[in-house]
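Got some structures for you, see below.
Same chain, two partners: chain A is paired with chain B first, then with chain C.
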Partner chain A sequence: MGIFFTIGFRSLIKHKTHSLILGSAIISVTILLIIITNVTSGIQDTMMKGSTTLFSGHVNITGFFKTSTSSAAPVITDLARLRKLAREIVPEATFIVDRVNGFGKIISDQSSMQIPMMGIDVEEEAPILKDLSVAAGNISDLSKKNGLIIFEAQAKKLKVAVGDRVTVSMPTYRNMYNTMDVNVVAIVRDMGYLSNFSAFLNKDDIRELYQMKEDSSGRVMIFLPNYKTVAAVESRVRSGIEKAGFRLMDKDPQPFFMKFDKVAAEGWTGQKIDITNWEDEVSIMKWIITLFNVLTGMLTMILLTIVSLGLMNMLWITIKERTGEIGTMRAIGMQRRSLVILFIIEPFILSSLSTIIGIVIGLLISAGLNAMHIIIADSALRTFLMSDTLLLSTSFSQIIITFIAITTFTTVGAIIPAWRAGKLSPVIAMSTID
Partner chain B sequence: MIIIKMALRNLFSHKMKTLIVGTVLILGSFFAVVGVTFVFAISEGMKNSLTHSITGDLQIYSKLAKDKFSIFGDENGSYPDIDYVENFATIKNILEKEVSNIEAIVPMGGNFAMVNPGNILDKKLEELRQCFKEKIFDAAKILELKEHVHAIILDIEAQFFNNTASIVSVSAEDSAKVRADLDTARAESFWKDFDAKFERKIEFLSNKIAPLIFDDNVLYVSYMGTIPETFARSFSQFEIVKGTNIPPGHRGMVLTDRFYEEEVKHRVARRLDKIKRSLLEDHETIKGSKTLQDKITSNISQSAEVYNQLTPKRAEEIVVKLQAFLSSKESDIKKLLEDFLKVDDANFISRYDFFYSEIAPYIVLYKVKVGEVFPITTFSKYGTSHSLNIKVYGTYRFKSFERSPIATGFNLIDLMSFRDLFGLLTPERKKENSEMEAEMALEDVSISDMFKKSDSKKESEGASLSKLKSTVFTSGFKEDFASQGDKVFSNADLENGIFLNAAILLKNPAKMAATMRAIDSVSEKEKLNIQVIDWKNAAGIIGQLILFIRVLLFSFIGIVFGVSIFIIMNAFIMAMLERYKEIGTMRAIGAQKQFVLSMLFFEVLIQSVFFACLGILLSWLVIVIVGGRGIPAWNDIATFFFSGSRLYLFFDWWYAAGVLLLAVIVSAIAGLYPAYQATKIPPVSALGKTH
Partner chain C sequence: MNHFFVVILFLMAANLYALTEAETSAIIKTVDDLQRNSGDYTSLCYIKDTEKGKEPRLNQALVYRRDTDNKFMILFTKPKEDAGKGYLKIDKNLWNYEPSTGKWDRKTERERIGGTNSRRGDFDESKLSEEFTAVYDGDEKLGDYDAYKFTLAGKNGVDVPYPVLKLWVDKASKNILKREEYSLSKKLMRTSFYPKWMKKFSPSKKSDVWIPEEIRIFDELEKGNTTIILIKEVDLNTLPENMFTKAWVESKSK
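For the complex of A and B:
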């Protein structure tokens, strides 16, 4: 086998020009793919980081309480028991907290906005909230009553600073609006698109606004040490909660605010629990990732096909040129199969080397772009990338897949010419030798 | 001529190289044409949806606007703060006189409102009230409604004490009040003299009992204030679907038909309509479509919305009819309905017809019906709320965009009502506010004081009482409409007032940039204080999305052709090496370098033209076959981008010509280096071995 590699290498070096041209093509395609997949991974990571800081755990115990057949409140009751169950079912969880869902208007003296808000307990959530980058004020001040934490974009729109007073107004039932004056205790840096729709209130304040009982909340959020285990944990939580006697809703991978309409029309009353994961809660944005993946996939297929064709062409002509050489090898005893392998190894070496070089360069460029913390000015792009700065992240498995895909695809193009080479009869081949 | 013949012969004799280069060109051209067609169909579709319905070609608004204008709201989803412009008539007259390219100017102003159309008890009480007001006393109907109301009251009692109290902290005092009210409503004495004192009885039930149903039937209405006549006339695709447009001089609303059918209509009915449309118009089958199967499942789980709205008497009648229709002995209406709603391809049409003939007339088919009056409440940016009772005159749509989510987002309201709901702090408003403050017992605090920047730290530390205020804005459901003022106003009233932004439709959209400059200079000269932006900027993030998609597409095409250059170049180089001796021979017998170049040039030209044309032909086939039938949108996002439920593609010869040219250029570039190498082949190589 070693001799085949030697022959392959030698041949590549001999035909420097073609090797360089084809190699460059493969390198370019690889770099492009690596950068695009890193951008897509970056979006995915931003989504996860954003959602698990702003409004979701890795796995959530949430649900709806229907006070009548036509209502739907995103409330869970029997909170203490649910939290205890969460601890028991997921002992490996790093944190378990609960938050109250809210939705309403924040009114300053200059402007107003209507956004979802969450009631949190800052002390309990300190490990989660450390991911928020504070621009002004002090997050822990939310532990006192009548406080509000907002993001930079919202502070800009409302034209408020830390210490300013605003009014929070939440619609409860039947045209009733409860209002409360609160002070802005902290302004935190934006976390891309998702943070445009978030703000934090003190949990007790929001309970008061909704006149909710102590035992009710919005969701129990479970954080795991390794988010890749989400599916398995979710399954455990589902069966555990059901066994404990709670009614479960059917799995519906959508954010909770998309479920109001459906739940409000269903005929049951009382409490039903909904187990969701972080991906469900951002599922309306997942189309961006799907779009990127589809486009990348299509582009890759086309490019790799083109490159494959190039390789096929090169091999074809190489074989024609080396007909005499082939004849000689066959005459001295080389079998057809070995010949085929030889002529597959050559493009294999070219494509694998080029792919590795491409991967390395692609990773270096990605790291460089990350280090530059490029700020995205265009708001449409910001929405797509879900972040204010360009973030690329690398996944080891993605690199392996890229390597295998490109190398395989491009080598596959070599099969037919190599097979033809194997079919050359030694006599005819040798007759071409001058 | 000989050169061309030689070029052709060369192409044929080096089949492999020709085929490979050819395949690359076919792929590249195919991808380019299909890609461009697809993306342009999307972006043109979205553009047309916008310019022919909402944005017009240009938008003008106040120069003093704090935010950038975006008709769909800003990044936070709220309507941008663009201040307002004083007098529409002035602006219109000046612009129409001084800027020649303007076809029409349509005033606008957008906002969101929450509408509570009333729960089932509200609806039944309203029906009851109407019955009593009719000249002819329909005793049977009144009895039927009273029975239903009674049943609902019993339900309320059960739900309130069993369910509501589990999550809402109700004080003992409130709880006692609720019980007392419910006892009153159930008492025989209450019902004995009901007919005689119906007004007061209905008012009691409406104010005390109906609010106990915690109902999540709020409608989020996004609306646009405009001059209805002008709007209808200026947007050529506008057409009324149900009812009529708002009559000139009257207050009212016209909903988009899509909003009416998708959000206002009864959920179960709405889904049945969608299934029917998919089956008949889109030729899908229930068996083959998961989307339709999901709809059926939702209908079954939400059948409560049907039986809860039927009066007891009606429910009994429908049980009998369903038993006959389904050949079933089941007597529980819930189970019968669930069975009924489990439709399939075979029974769908007959069940659909049955639903609309036997069930739909007796449920609340539309939360707000055309011809009805309903209360609408908005919050101004100052936090004050404003309510109006508004009559829905009809529904409208834009002819070619009836399924586009972009074009169907704005329900229209007359500009007078819009101004009232907008919440400008006029002297009248200030008076109203102080009356409200008195009611809310905010003695010394004026609304502006509430928002003053305070030494808040000091205050919040000292505050032990939470500053919680409950304000109920019930806006008196179905108040006397006349008092709200179905006053007739003149066109001058409409035009001589504020507006937030206006759409400008141009006679010649191609001259957009020049027209924008003209408007700017007129504004400067006449001190109009307005600014103008094009439709793309006005569409905010959607406009940018369109641009982004195009940029993405052209980048991809660029990349594909870029990589192709490498591959084709490589193929040419290999070919040169193969033909070393051949070219050497030609040179040896007298062919000049020019001749060799020309021959190669024609080879490249013929090859690229031929294969690119093949690729274009293939793309034409695909576009005509697939694109002609339409690519179905598989979810809401796709529907949004497709501006409808199907995206139709149209082959454009200009695109094709452009791609052909590109293919030729790419081949030419790829051939440059090899051709240069070829001219350097010395004649003496004809005598030597193959290199």
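For the complex of A and C:
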């Protein structure tokens, strides 16, 4: 087999013009695909980072409390026990914290906005909040009561700076208006589209606004050392919580605010626990990933079809040009099967080498674009990419898939011309030699 | 020493004129009774909502009530894009109908009617004595009117959007002149003025019913946001039996 590779490689060098044209086409396609898949991976990473900093743990113990059949509050009680259970069920967890869910209005002198707010304990959450980039103020000031952390876009809309006083208005779970005057203690840099839906208050402040007891919260968030184990841990938490005697809600991969109507329409009262993961909490944004994947798939198919047709065409020409060579090889005893293999190996070598070069260039371009920290000025594109800067992320499995897809597609495209070459009669082939 | 006696005498005189708990409750009950119809009610309302920095919005809506059964309905008729939207209150549940989707959503007492700063309670029967406990704060002059001033606190177990109210009641007519609504943390949220009241004979009550002709609501959190409600064409005659249903609202929204 080694001889075929040697012949194939030498043949590619001999027909360097053809090889360069086709190789360049494959390299270009590979670069394009690598960049697109890196952008998709970047969105996915941004989504996970945003989700696990702003809203969710890798796995969450959350749920609803219903004081009457028609009510639905995103509250869990028996918090101390649930936290203890989370630690027992997931001993490998890096952090286990709890947050209070809030939704209300922030009103400044100039403007107002309706926004979900999370009640946090900044000391407990320090390792999680390190992903927040502070533009002004000090995050740790939220350890004191009556503080608020908002994102830059929100500060711009509210026209406030650190130290300014705003009013937070929230309804209690008995539907009474409650308010609290708080100071903006920190303004943090936007984390793409997701940060539009998040602000942080002191946990005790949200409890006071909602008139909640100390042993109630919104969610217990479990952070894992390896997020790829989410599915297994989620299933373990689900069965562990159920065994401990808590009533569970059926799995519904949606964020909690999408479940209000459904829960309010159900006939039960009291508490039911809902086990979710980080993807569920941002599932309404998953269409972006799906769209990118569909577009990448379609683009891949179109580009690879064009490249394969080009390759087939080039092989036809090559076979025509090398009819004499084929005749000679057949005359000195090369079998038809071996000739077919030779004509398949040639494009395989070409596509493999070109794909590898394309992957390397694609990765270098991706790294370069990341290093440039390109700020996305267009708000629609920011929404779509879920980030304020262009972020490309490399996925090893995606590289392997790209390599296999391109080499397979282009090699398969060479089968028919190779088979035709193998069918050539040695006499006819020899007759073309001048 | 003389000044001390003057102050004591003044306090005694003031105490003499202070309303007792029973008198306070009686006045608040009178405020409710004057507005109580005990039957069916229809009115045409114009709601003008002005938000700071935005063009004012004007809505026209029909309000239907069956006070005996605690039923309430608002059907928006104008502008064209809001026509067909509706609210229906059956027992304790307030529902909102969106004709473009054909969907009913359950709403709370805090619901901003049609996105304005008005609430269901602004259009419904007065139930102050049922929902609140009143304390007399003193007398105040409000423009040309002599008024009683009360502080009302929501009763335990009763769900009201604003748990604390301050009320200025006209001494002569016992109608509300001004109402301040506070959050649980005692922050002023809304101030409403009732500059005009009309009297209408109610066949079901067999006496007159007082109805506010105009309500001016000022948002105290977001200064500059105002809502004006004009109540016109009030009819207290009996409405068809089957009106207060989701099907009826949907049929009118087509």
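In this text, the second predicted complex is superposed on the first by the 428 of 434 C-alpha atoms of A that agree within 3 Å, B and C clash if a C-alpha of one lies under 4 Å from a C-alpha of the other, contacts with A are read in each partner's own complex, and residues count from 1 in each chain.
As a working rule, a contact is a pair of C-beta atoms (placed from the backbone, for glycine too) under 8 Å apart; a residue touches a chain by one contact, two chains touch by 3 or more.
None of these values were measured; they are calculated from a predicted model.
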item: Superposed partners chain B and chain C on chain A - clash or fit; value: clash
item: Partner chain in contact with A:Ser112 - chain B first, chain C second, else both or neither; value: both
item: Contacts of A:Met176 with chain B and chain C, given as first, second, both or neither; value: both
item: Which of chain B and chain C A:Thr269 touches, first, second, both or neither; value: first
item: Partner chain in contact with A:Gln211 - chain B first, chain C second, else both or neither; value: both
item: Contacts of A:Gly310 with chain B and chain C, given as first, second, both or neither; value: first
item: First (chain B), second (chain C), both or neither touched by A:Thr167; value: both
item: Chain B versus chain C, judged by how many residues of chain A each one touches; value: B
item: Which superposed partner A:Phe197 touches (first chain B, second chain C, both, neither); value: first
item: From 25-33, 169-177 or 223-231, the chain C stretch with C-alpha clashes against chain B; value: 223-231
item: Contacts on chain A seen with chain B and repeated with chain C across the two complexes; value: 70, 105, 107, 112, 167, 169, 171, 174-181, 211, 261, 264
item: Complex contacts: residues of chain C adjacent to chain A; value: 93, 105-106, 108-110, 154, 159-163, 183-185, 187, 189, 221-222
item: List of chain A residues in touch with chain C within their complex; value: 70, 105, 107, 112, 167, 169, 171-172, 174-181, 211, 261, 264
item: In the complex, chain B residues that touch chain A; value: 16-17, 20-21, 23-24, 27-28, 31, 66-67, 74-78, 81, 112, 114, 116, 119-120, 155-156, 159-160, 162-164, 166-170, 211, 213-218, 267, 298, 301-305, 308, 334, 377, 379, 381-383, 385, 448, 450-454, 456-457, 459-461, 463, 466-475, 541, 544-545, 547-548, 552, 556, 559-560, 562-564, 566-567, 569-571, 573-575, 577-578, 635, 637, 689-690
item: Chain B-touching residues of chain A, taken from the complex the two chains share; value: 17-18, 21-22, 24-25, 28-29, 32, 65-73, 75, 77, 105, 107-115, 144-147, 153-154, 157, 163-167, 169, 171, 173-181, 183, 193, 196-197, 205, 208-213, 216, 260-262, 264-267, 269-271, 287, 295, 299, 302-303, 305-307, 309-310, 312-314, 316-317, 320-321, 378-381, 383-384, 434
